[in-house]
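In what follows, chain A forms one complex with chain B and a second complex with chain C.
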Partner chain A sequence: MQYGMIIDVDKCVGCHACVIACKAEWEVPAQYDRNWVFRLGPSLTSSGMAATYYPGLCNHCENPPCVPVCPADPVEMTFKDAKTGKTVTMEVGATWKDPFNGTVQVDHERCIGCGACRDACPYNARYVNEDLADDNSLGKVDKCTYCMPRVAEGLEPACVQTCLARARIFGDLDDPNSEVAQYVKKGAVGLTSKAVQIGPNGRYYGSKKGDMELLMQAAPQEMPEVALRRSVLTKMSLAAKKQVKELGMLGLAGGLLVKSLQKDDE
Partner chain B sequence: MAMNLTRRNFLKAASIAAASVPLSKVAAKAESGVVKAPLVAQGSFKDTQTAVGGVCEMCFWRCQLVGKIRDGRLIKLEGNPKSIDNGESICARGNAGVKLLYDPDRLKYPLKNVGKRGAPKWQRISWEEALDTCASKLKAVQEKYGSKGIAMFPHGSTASYPMNFFEHTVGTPNVSEASFFQCRGIRDTAYLATIGMPPGENVDMPNTKVMLLIGDHFGENIHVSHMKRYLKGLENGAKLIVVDPRYSASAAKSDIWIQIKPGTDTAFLLAIMNYLIQNEKYNADFVDEYGEGFDEMAEGIQEWTLEKAAKVCDIQASQIKEVAELLAANMPNVAIHPGRHVSWYGNDFQRQRALACLTGILGAFGVKGGFVPPKGPKGLAKVKWPSGDEEAEAIHHEEDIYPFSPPGTPTDLIRNAAIEGEPYPIKGCVVWGQNPIQTIPNQPMTIKMLEQMDFVMCVDVMPTDITMYADILLPDTSYLERYDYIKTGTQWNFADEQQQYIAPRMPLVAPGFERKESIYITNEIAKRMGYGDKIPVQTQEEMINKRLAPLNLSIESIRAEDGIHLQPGQDPYGDLELDIVFSSEDLEDYDFPAIPTYIPVEEPPAGFMRLLYGRSPVHTFNRTMNNAWLLAECDSNPVWVNDKLAAKLGLKEGDTVSFVNQDGVKSRTNTTVKVTPGIRQDCVYMYHGFGTMNKEMTLGHDKGVDDTSLITKLAVDPETGAHGMRNNFVKLIKVS
Partner chain C sequence: MATHTPPIDQDDASATESATLSSLYSFLSLTMRYPEAAFCGEPLFDAVESLLASLDRPEDLASFQNWRAQTPAPLDDLRTEYTRLFITAAKQKTLPLYASVYIDGDGTLQGKTTERTRDFYREHGYDLANDTEPADHISFELDFLAALAGEAKFDDEDFFLRTLFRPWFERFLKQWNKEARHPFYAVSIRLIDFFTKEEQ
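For the complex of A and B:
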């Protein structure tokens, strides 16, 4: 099973309801987004004037580059197939790809907020919510979960529910009878480029050539270069913060010092 | 551990420390939602209660809502699953209603301006003092100048009860609704003069074969069930024709885009009609049966050959022919959209007449895919304030001008009277939910009007531009905290089972702080002005129940039905009894053209571009400008500049610019440039409603440019007195 999302840009009217419904559903701070709508054009394309929308979200990719860069201490996690009850146990960091439903998820408890996964994503689908920083992290990374907690309750993802155009279709790409699979058969494609081929499971469908040309231009054209530096620095600074705190007396001032050190690093 | 001062604990400590700051600030904090979020948000579906009966008013379309409530706090709004109108869908603005409800900048208490109008200093006062002041000041104006010395600028469902009071019982004709005089009034009266009814947006788009949109930019302009109808039509294979100087959101979905020269739409429509008539491709049977004055019109528009119109409209004759042929081939199942905001060029009554006449010659009334009014529920009672002792004719009726005006008085006539004192002084001003600074062209004049008033009171939910000019400012409840409006209608697609719905607005949460709803405020002012015996209802609940009573419905019965009462509907097609007045003797009697006529508009002076404006899909003008979620989606209004023009002007994508208009008026703020081939070179375009000047909107002020500030010249529609606002011209000044 591989969950996927179809965006039918023939239907999308660019209203941004998907973005705001997500914000309300998951209490996403105003300055961050788990999903987005960009207006593309009007521009001249090889088939004339065109304008369309790029409603984006985490693509829950086949080969997610965000997963292997996570420096959080790995733990063993057991996954269960909702349908068959089959289980798989594997070692994961604070972000992983679910072996059964294909979604990419985050463990906020263990996330150290280093931002390595955010930087690794060519689609800019992740953000670090610094307001959630705690003793063991600089914040918590967050992104679209395909609304798995809603789906588990038999609900649609919040963005799908609110979409007036029914331009967002969610389902199992591996099920050939699903509407999403039908769309793929009809020509729905992921936003990939020569350099970015990581198997996005968000697929875009549009019957107008010009619209699709604009969308493919909006696809990321290069993979981000992720150095380990960020995660190493984070681990170091968290250790330093702990030490400072253990000194006790410094308290808040110590925290601020660590923060300013981090700023210098950047 | 005592010293474990994490950020979370720090916030907790800070809120205890805050106990020493004034109560109002603490309370405001609490409302703004500084509650530490858990690491993993719970989602709106867990441990929440669902409150039913919400009716949205982030815009005027009024989708039906449910609220997800946790611990007494609204955390999410969704479309009411029972709705046969919007269903579970709502737009971005509807979703963001939560942020309006808990906006820390919302008005909370009655305020008195102890500074100056326009540079207010607010002092919190009691409701008692506020109501006493409003009533005594208005009474003083009334005693000195008569009731007509009071002007009122209302907007939205909150304002209908007080408007009725001031118009009927107090008896002032000086009431001006922006929704009429700066928006759709012309459409309504032009159709009234042509088919005997205002058209709404009643075209059967889901079941049509062709849609013709003149300037409508669906997608930038979002009303949920209207969009559903439009999209269903496209899905069902309807051809879409979009006439717009700009490659709008609708143009991007069109089969035919007519990049027309601004102001010339009527010439385009006349040429289509002339072509259809000359080539006998119109619906002669329908015209014979329902038409009046068809021959006069046919003869009168003969001059409008394809070539002539093509020249005037700066488009290809072949395109006009293509449109005409497409309409002819599919008549009568064609949707000629009447539009909504049509106050454009001062020649708009004629264009709206032409749209109605075109619908007529295609026989597209009452038929599948044509103009079809829904058959909604009937029988709701009316609650009205009784007439008072004073009655005065509106200024334009006294002067025998604008005979086809919508209800109320054209705004500029009120403004002129106030400033000049002629024909009589206007010294009291009641603003209820409208923001005349951003609705009426020529802001300096509006400010002058306000400055000469003896008394100005505003009632609103948020601070806006106009509230800066209030002497007394009263905090209204929001649409999520009150009963006040009964939304009725039918299922959005006439092809589905015929159903009707009745959805009275019910509060999803209790009002916070000292906010009061308009029935209370109006009644208390009325009592103090000596009209206590004329009060028609005591409470908002009584109002709704009285209106529902003839249908044996009540708030409680509908709440038990999950907020929406459904009942069987009627087939909306056929039996549409109307006459199509192609040539109007009424109009002729007033020396207006009897048949739809193209009246050329002023051209841009050399070096200037016509300023066009429109909607952002995530904003309802100034009203949503302070909404944190919506502002994050769209916090400016970049100006669209044609790519070739931009090259000539030395402008690049993303450059920062300011504006100066034909009268030398400069924009107070800047915006950026969007360079695109998708707009003509003789005009520029931006979203309306930005650049609000009130710093009490701490997030929204000074974002983007206020287009209204650049609209200083009025183009008054001679038939209606409504304001065309697209005859202003600007130059761009590069800032960086």
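For the complex of A and C:
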């Protein structure tokens, strides 16, 4: 099973109801988004002028680059297939890809808020909410979960349920009879590029060539490089970060440098 | 998606990263100031140990812990060593912590590099809080890097490192590495080297 989402851009009217529904459902702070709608165009494409919308969210990718970069101490986690009851136990960091439903999830309890996963995502689908920092973290990462708690109760994801135009369709891509699989058969594609081929399970369908051209132009064109320094900073233990921070503040307080008057005057 | 409204510069690293990096530079700057009781004590030493442990530097950690265990009055020890190493050792043995000494050719303080460095600070909206040390003292330079990192000005930080910091620091390192050094300063200098050359 692989959950996926179809966005039918022929139907999307760019109303942002999906964004609002998601925020309301998951209490996403105003400055962050788990999903988004960008307006593309009007621009000249190879098929003439085109304009469309790019409703985006986590693609719950086949090979999610956000998962292996998580530096949180791994724990053993047992996953259960909702249909068959079969279980699998595997070691996971604070983010993982579910072996049964293919969704990519986050354990907020164990997330240390380092931002490595956020920076590894070419779709920019994650954010770190630093207001949720606690004794064990610098904040908490968050992103679309495909509304798994709602799905477990037999509901649709909030964005799907709320979409007035029915431009969003959610389901199992592995089930050939599902509506999402039918859409794929009809030509729905993930937003990929030469450099970004990580198997996005969010797929886009549009009957107009120009619209699809704009969408593919909006696809990330390169994989983020998690900088060497970033990996070093990630390796720093939380205790070290906090101690260094406290001392760093002490250093700044007795600062040798000040903001110059010249800057203040500007 | 992180923040769509208002849009953020995707090249900017996170506030978390910039804050951590900024604290690191400030912290390293402290290790290069003349040791004062206000900051040079157990919390500083504990932080050095945590840093070494989490960066997986067992040898540095062991030598540092060994020094702590064998030094009943670390502040006095560090003051003596700081003065000896960086200020008053015999000619050729003293390793001043000023860029101009290594760059300006005549080995003196307050050279052209000092001015260039101060100009760089000013161009980026900073200036010295006092004139107790020349602008190109390593501690100022690390404070400046902390300020840039704190504002997520990574391009400026990189430019400063490449053009003003690393050129002299590498010459300093050559001298420094000629003999074994006091564990506290050996570790501090290695950490500074590590964090300033990372992005090159």
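Here is the rule we use: the second predicted complex is superposed on the first by the 230 of 266 C-alpha atoms of A that agree within 3 Å, B and C clash if a C-alpha of one lies under 4 Å from a C-alpha of the other, contacts with A are read in each partner's own complex, and residues count from 1 in each chain.
Simple rule for what comes next: contacts are C-beta pairs under 8 Å (C-beta built on N, C-alpha and C of every residue); 3 or more make two chains touch, one makes a residue touch a chain.
Being a predicted model, the structure only gives us computed values, none of them experimental.
Participant: Would you sort A:Lys11 into first (chain B), second (chain C), both or neither based on which partner it touches?
Facilitator: First partner only.
Participant: Classify the contacts of A:Lys209 with the two partner chains as first (chain B alone), second (chain C alone), both, or neither.
Facilitator: Touch status of A:Lys209: no partner.
Participant: Of the two partner chains, chain B (first) and chain C (second), which one does A:Lys80 touch, if any: first, second, both, or neither?
Facilitator: Touch status of A:Lys80: no partner.
Participant: If you stack the two complexes on chain A, which partner ends up touching A:Glu25: first (chain B), second (chain C), both, or neither?
Facilitator: First partner only, chain B.
Participant: Thinking of the overlay built on chain A, is A:Thr162 touched by chain B (first), by chain C (second), by both, or by neither?
Facilitator: After superposition on chain A, A:Thr162 lies in contact with chain B alone.
Participant: Would you sort A:Pro149 into first (chain B), second (chain C), both or neither based on which partner it touches?
Facilitator: A:Pro149 contacts chain B only, not chain C.
Participant: Kindly classify A:Thr52 by the partners it touches after superposition: chain B alone (first), chain C alone (second), both, or neither?
Facilitator: So A:Thr52 only meets chain B here.
Participant: Just checking: does A:Lys186 make contact with chain B only, chain C only, both, or neither of them? Give me first, second, both or neither.
Facilitator: Neither partner.
Participant: With the two complexes superposed on chain A, say which partner A:Ala239 touches: chain B (first), chain C (second), both, or neither.
Facilitator: A:Ala239 sits against chain C, while chain B stays out of touch.
Participant: Find the residues of chain A that appear in the contact set with chain B and again in the contact set with chain C.
Facilitator: 31, 33, 245, 248-249, 251-252, 255
Participant: Flag every residue of chain A that touches chain B in the complex, lowest number first.
Facilitator: Touching chain B: residues 10-11, 13-17, 19-21, 23-27, 30-31, 33, 37, 41-44, 49-52, 108-109, 131-135, 140, 147, 149-150, 153, 155, 158, 161-165, 211, 245, 248-249, 251-252, 255 of chain A.
Participant: Any idea which chain B residues touch chain A in the complex?
Facilitator: Chain B reaches chain A through residues 3-8, 10, 37, 39-41, 43-46, 75-79, 86, 88-96, 98-99, 218-220, 222, 224, 227-228, 231, 234-235, 247, 249, 251-253, 257, 617-618, 628-634, 676-679.
Participant: Along chain A, where are the residues that touch chain C in the complex?
Facilitator: 31-36, 38, 56, 113-115, 118-119, 123-128, 130, 138-139, 227-230, 232-233, 235-237, 239-241, 243-252, 254-263
Participant: For a test of understanding, state which residues of chain C touch chain A in their complex under the given definition.
Facilitator: Going by the criterion above, the answer is residues 1-5, 10, 13-17, 19-27, 29-30, 38-39, 43-44, 46-47, 50-51, 53-56, 121-122, 125-130, 133, 139-140, 143-144, 146-147, 194-195, 198-199.
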